[in-house]
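Labels run A, B, C and D following the written order; every chain starts at residue 1.
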Amino acid sequence: MKTIKDSVHDYIEVEGVALDLLDTAPLQRLRHISQLGTVTLVYPSANHTRFEHSLGVYHLANRALGHLGIEGQQAERVRAAALLHDVGHGPYSHNVEDLIYRHTGKYHDEVHDLIGEGEVAGILSEHGLNPDRVADLVAGDGELGQLVSGELDVDRMDYLVRDAHHTGVPYGTIDHGRLVRELRFVDGDLVLDEGNVQTAESLLLARALMNPVVYSHHVARIAKGMLRRGTERLLAETDVTPNELRRMDDKDLLVALRSHEATAGYGRRLSYRDLFKRAVWAEMEAVPEDLLAADHDEVRAFEEEIATASGVDPELVILDVPEEPEMKETSSRVIVAGEVRRLEEQSTLVQALRAAQYDQWRLGVYAPEDVSDRVGDAAVRVLGLDVEDTLVSDVRTGVHATLDEFQ
Amino acid sequence: MKTIKDSVHDYIEVEGVALDLLDTAPLQRLRHISQLGTVTLVYPSANHTRFEHSLGVYHLANRALGHLGIEGQQAERVRAAALLHDVGHGPYSHNVEDLIYRHTGKYHDEVHDLIGEGEVAGILSEHGLNPDRVADLVAGDGELGQLVSGELDVDRMDYLVRDAHHTGVPYGTIDHGRLVRELRFVDGDLVLDEGNVQTAESLLLARALMNPVVYSHHVARIAKGMLRRGTERLLAETDVTPNELRRMDDKDLLVALRSHEATAGYGRRLSYRDLFKRAVWAEMEAVPEDLLAADHDEVRAFEEEIATASGVDPELVILDVPEEPEMKETSSRVIVAGEVRRLEEQSTLVQALRAAQYDQWRLGVYAPEDVSDRVGDAAVRVLGLDVEDTLVSDVRTGVHATLDEFQ
Amino acid sequence: MKTIKDSVHDYIEVEGVALDLLDTAPLQRLRHISQLGTVTLVYPSANHTRFEHSLGVYHLANRALGHLGIEGQQAERVRAAALLHDVGHGPYSHNVEDLIYRHTGKYHDEVHDLIGEGEVAGILSEHGLNPDRVADLVAGDGELGQLVSGELDVDRMDYLVRDAHHTGVPYGTIDHGRLVRELRFVDGDLVLDEGNVQTAESLLLARALMNPVVYSHHVARIAKGMLRRGTERLLAETDVTPNELRRMDDKDLLVALRSHEATAGYGRRLSYRDLFKRAVWAEMEAVPEDLLAADHDEVRAFEEEIATASGVDPELVILDVPEEPEMKETSSRVIVAGEVRRLEEQSTLVQALRAAQYDQWRLGVYAPEDVSDRVGDAAVRVLGLDVEDTLVSDVRTGVHATLDEFQ
Amino acid sequence: MKTIKDSVHDYIEVEGVALDLLDTAPLQRLRHISQLGTVTLVYPSANHTRFEHSLGVYHLANRALGHLGIEGQQAERVRAAALLHDVGHGPYSHNVEDLIYRHTGKYHDEVHDLIGEGEVAGILSEHGLNPDRVADLVAGDGELGQLVSGELDVDRMDYLVRDAHHTGVPYGTIDHGRLVRELRFVDGDLVLDEGNVQTAESLLLARALMNPVVYSHHVARIAKGMLRRGTERLLAETDVTPNELRRMDDKDLLVALRSHEATAGYGRRLSYRDLFKRAVWAEMEAVPEDLLAADHDEVRAFEEEIATASGVDPELVILDVPEEPEMKETSSRVIVAGEVRRLEEQSTLVQALRAAQYDQWRLGVYAPEDVSDRVGDAAVRVLGLDVEDTLVSDVRTGVHATLDEFQ
């Protein structure tokens, strides 16, 4: 057994299959992949990695299994999946995940190929575990898969607390001790025991509050847009292949961006926080419906059209249309007065949170500061935005220059 | 200047009028009045007092004044009011406040008489402050009164964080540093600056989450019911007067309950946590409308009727009908896109929180464990409760015997 | 099983004999005995009680037993002793312990009479535990007694962290997680495993740093002196008996002091922090050797002599001669290169800490502010203090009026 | 003014020259230089960077200046120096500092060239500050230089607390709030005010405890040895120049190690934590005196001799001879009874800490696990170590395989 000191959970005991997996390259690689990607450009202390998060998820899975009374191979399989759940992440985690998916067809939780061969597969087999079944758990399949990836999974219990600890934003401080204690399986569903409507709500609320302030902060989104743009060029104009990209870590990607002439500008800007600004920042009401459903190629076409209309290099315009909000956790289940209910049935807060997610949604157009006025005006026209619900002018006139601005 | 170490705010600097007020008996008395009263019977570490809370409120007021650029006598008056804002509390703070009000006509924020004479009045005058105007601020009157008592007051910013620190329940962990920085005065109203809808929401959510888990936990409510009952008897059957009661501290009251024969049973039960149990625990839908509006005498009459119907001593039946929920904070104001809006207009969460408060509301009937079945049955009949929405049977069959039960 | 939320250890699981003991009066009484007594007059947030501390000690004992692989009745006995280890404390814990000992012959860890009869004895017997053997563990007797009371006991692991949490002074923040993991039994001795010289040193250092700043802060010592004086008068001039005193809690004692005419002055002064000041504050070098060894009666005689010499009422002079420092922890044992060594042999720090304790030692003479000059001058003469090493004049001239002064 | 959220100090307000410096490349580059280098291989959560530390040092400098009453250009110069104090660091901070010094003659605090030209120089000049005088402060020169680099500098106040926060090791948790409040200038010396002997001691103790457990943990030292060895080869066998190396960040260096054939093995081993083991671990008594004084070339010669004697590739043997311990803080000054004294005169602890540093000192010889026995035996002979005081056999037989082993 090894005991590892963690800034969030204090001591984490690692043993069994997890101990053998710990020193494999796929897991150690996560030391070089930041948990929150470009969010560190807003919150400078947020430099934690997927490695320590993976240890935390393993730890909480282990405690949940104990409280649930699950033992033996079944438990060992969950522990392996918990520790390995993030090995499929590319550089900067979610920041370039869509791009990797477009080129390789793999999201980060599709790890059958990654753990189905090599040293990880070997270790799993030595411990009598089938790599495919572990990969299934990582994808959230099966009853126990709910613990690893689901509405009440230990993944979010770790990341909310860890992100709060490292950003300094207190909203993520959920009561994970209570959550792992109160999990139960009822008819194959993972639920929270009697008396925990609040506990379930607090999990949702934590994410709802962290979202605009941390995960979707506009500065992080701008940098993410620039990172994606740079990475696309890297694939397009250098000999880096999508599969190489998928297995890079943060260090590889940033150095690659800096090293190639075609991407050096992005590399420099991202390294030294010389970022584009918001040319447009629009609420959902301002956005024509078909734009909301635009695919990657359509977005690229719009970017070029805006660039032409404003007379700037297309490389200097980024259109950022987030997906429609979804809140997986609203379907989490709790026991109320002896029967299992979906949280959304039980909690009036939950419908409200859904609506609040829509309120917080923003379309962004980003460009270098010296051309952002021109780009903003052109974008409003090209995209057919409703000027009333577009905050572009406010941004320009500095109305937003509050605490929120830097962060 | 004195510098006082505080477990929540680290160092608190006290100077000027506050320094002179610090050593007065009305303020030092708050050392003996617990912040959360009977909540310590649920959360054993929650033994913090109104004294340290008052220092915290003074500290946050001081910082808010700095950020708002308010100086001179005006600021000094607010600092005095912040430090003194709780001197009107009777023993066990809010727990017996209604009872004291019925007998003396004073709530805890009515302090004109308490600070209008004696050493406090003297010190205020020495510093050129009018005691009456300070008392006005304590009552929330006037523009600057909003800082001391209002939707965005520093009182709640301190107590949420402090109660979280001492109970161990993380939900109250708001970002008070941000809140005090973002306060502005616009046309006489205290508002939060641009970009702080979330900040305002987080304040509401913190209280909404702390409420059922901490402030209105059923065990704390049962003990509070017993404390009120005991205190009523103390007034009725001993020579303790309402005005003496109002100026007692927790120690005085508990020892008084223990010392008088008529109340010794309550004194012992409260001292050693030998509490009544829930005989009925009913949602609002289960409760006839007129019962919701019952006054103190009507509640007493119901208690006696239930006692008679179940054949137990009336002293052993407590009917606890909380007031209808209200959420003062929903009318707090934020600047959005340059104009002041009420939070309830801007935030879909806020309406939901209102509704959630109603969901959490519970009527309780409490009695000693050995008679709680009989009392529960009788109460359902006497009060005309709708059995479907009454959780009495669940309580009895132990369905609630989860984590929540002890706490 | 009950799960109790604690602000230090998060969730504490209570089961078995501990669960039955929890609701007994001797244990619940500890809710009304503060952990640090008069220290709250220096650190206003330090209002934690012996009750929550007892739960914490039980929790750490439980974890230590798990790591040590001790199970069954033996473990259950240690858990009972851990939970009960402080039931022998009188009001204000250590503050009046000497006084109670002089009158009853009992220190707080002598609990054979307290748990040998009544409900506690009954519960222990029901669980097959011999009350006398549990009381032996509380006194630190036997191999397992070292866990409850010894150089490496879980008692100090809890109180250091808890006192740091509540005072806000960070020095007590030891790594208790590591300490309980690294305990081993070797030949009947409780020791720390290989690689933990530092861990053992940190425990000593924590206490050495907390001592002058928290436990022996001069303001706490002054108030303690006043509390003892008041309590002595209570025994001398009222019908309160020593055995009644021993079973009082803080509330009882403070109200008793306030209620009796002979002690009302002390009651008021202690309630409202109207304290004596230091008239003398002398290093050990300044103190004649026989004074260091003076017993209670001799100290009383000196007080009267000083009072006479300065022309003040003897009630207004308190002479405070602390015992010579001792550091039990220096004999704690660690494994180094495979063999058990005493920490003091292994660690150069330890001898230094001993010496440092002597450096920090101070004799104090306390009196009301308006007579403290006169009393100080008289005390220097009467006690034969070496003026060079006496800080009396510095105190008077306000040289010490720094951060330290209030606290 | 910008307000930046920090996980240690909560909100940091940046204005004036600091605000303009914030967005320069030399400062932003620190985002890519980890604070603790290879220590993250022991404590996975320790991924904080020199950037956030620099903000923290700026913040504490700012507060110290406020408490000291220093204003105007003088203060602005200190603020600039505090923010810039680490721009001279090469990749992995102190880990390859000696190597860079050997090749460039620059330590990290020699920044005259770095801030004397380019955008930083320009910004300083715009604010009326002389870059050379700012660089002097960074080097600790002049009265105010003591605040930036000296026995009581704000640098160590930040890093102790920050390293504790991120590693999870509590020992660094000093009371920085008190330290910055109690600083005074007396006759040009920065000292702590009356009543702070303990405060000064706590600063030393914190570092003394953090040192073996964090900063000089053997695993971090092994990885550091490998990093230096790899980096030397990078300079020797590729076209990377010393000046390029000095300006690299962590990402550049690790990717460079991985990319060049001559260093790819080190790159891989460091990336995936496939580290050498201790072949020898010897106390100072075991080491011949001339070896303690060996320079870089002599150490290289020993390594080759050990390699030859054990029949392994010289690349696989690392000899790690730390410098003799020094404790700068022991000469920090405190006011005692009105006069300035050096802490080492006043505190018996301080001499002990010096000695303790010698106790903790270890010489290490590292090699891959499969040859570490052979290498260890050869090293004992070649270096003439006293076998009695060499822990080599213990390490091999696993006596140290405790908690300490992984960490």
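The working rule: a residue touches a chain if its C-beta (ideal position, glycine included) is under 8 Å from a C-beta of that chain, and two chains touch if they have at least 3 such contacts.
Computed from a predicted model, the values in this text were never measured in an experiment.
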Exercise for review: Sort the other chains by how far their Cα centres are from that of chain A and give me the top one.
Suggested key: C
Exercise for review: Weigh B-D against A-B on C-beta contact pairs and write down the one with more.
Suggested key: A-B
Revision key, fill the gap. So, in whole Å, the Cα centroid of chain B is separated from that of chain C by 33
Point to revise | chain A and chain B: spacing of chain centres that average the CA atoms, whole Å | key: 40
Check your understanding: Quick one: chain B and chain D, Cα centre-to-centre, how many Å?
Key -> 50
Study note, to complete from the structure: Each of the following residues of chain A touches two or more other chains, namely 3, 10, 169, 178, 181, 403, 405
**Study point:** chain B contact footprint on chain A (complex, rising order)
**Key:** 169-171, 173-175, 178, 181-182, 193-196, 198, 201-202, 205, 209, 212-213, 337-338, 347-349, 351-353, 355-356, 359, 391, 394, 399-400, 402-405
Check your understanding: Which chain B residues qualify as touching chain D in the complex?
Key -> 3, 10-11, 177-178, 181
Practice item. Within their complex, state which residues of chain C touch chain B. Key: 2-8, 10, 23-25, 28-29, 31-32, 40, 43-49, 51-52, 55, 165-169, 249-252, 254-255, 271-274, 403, 405-407
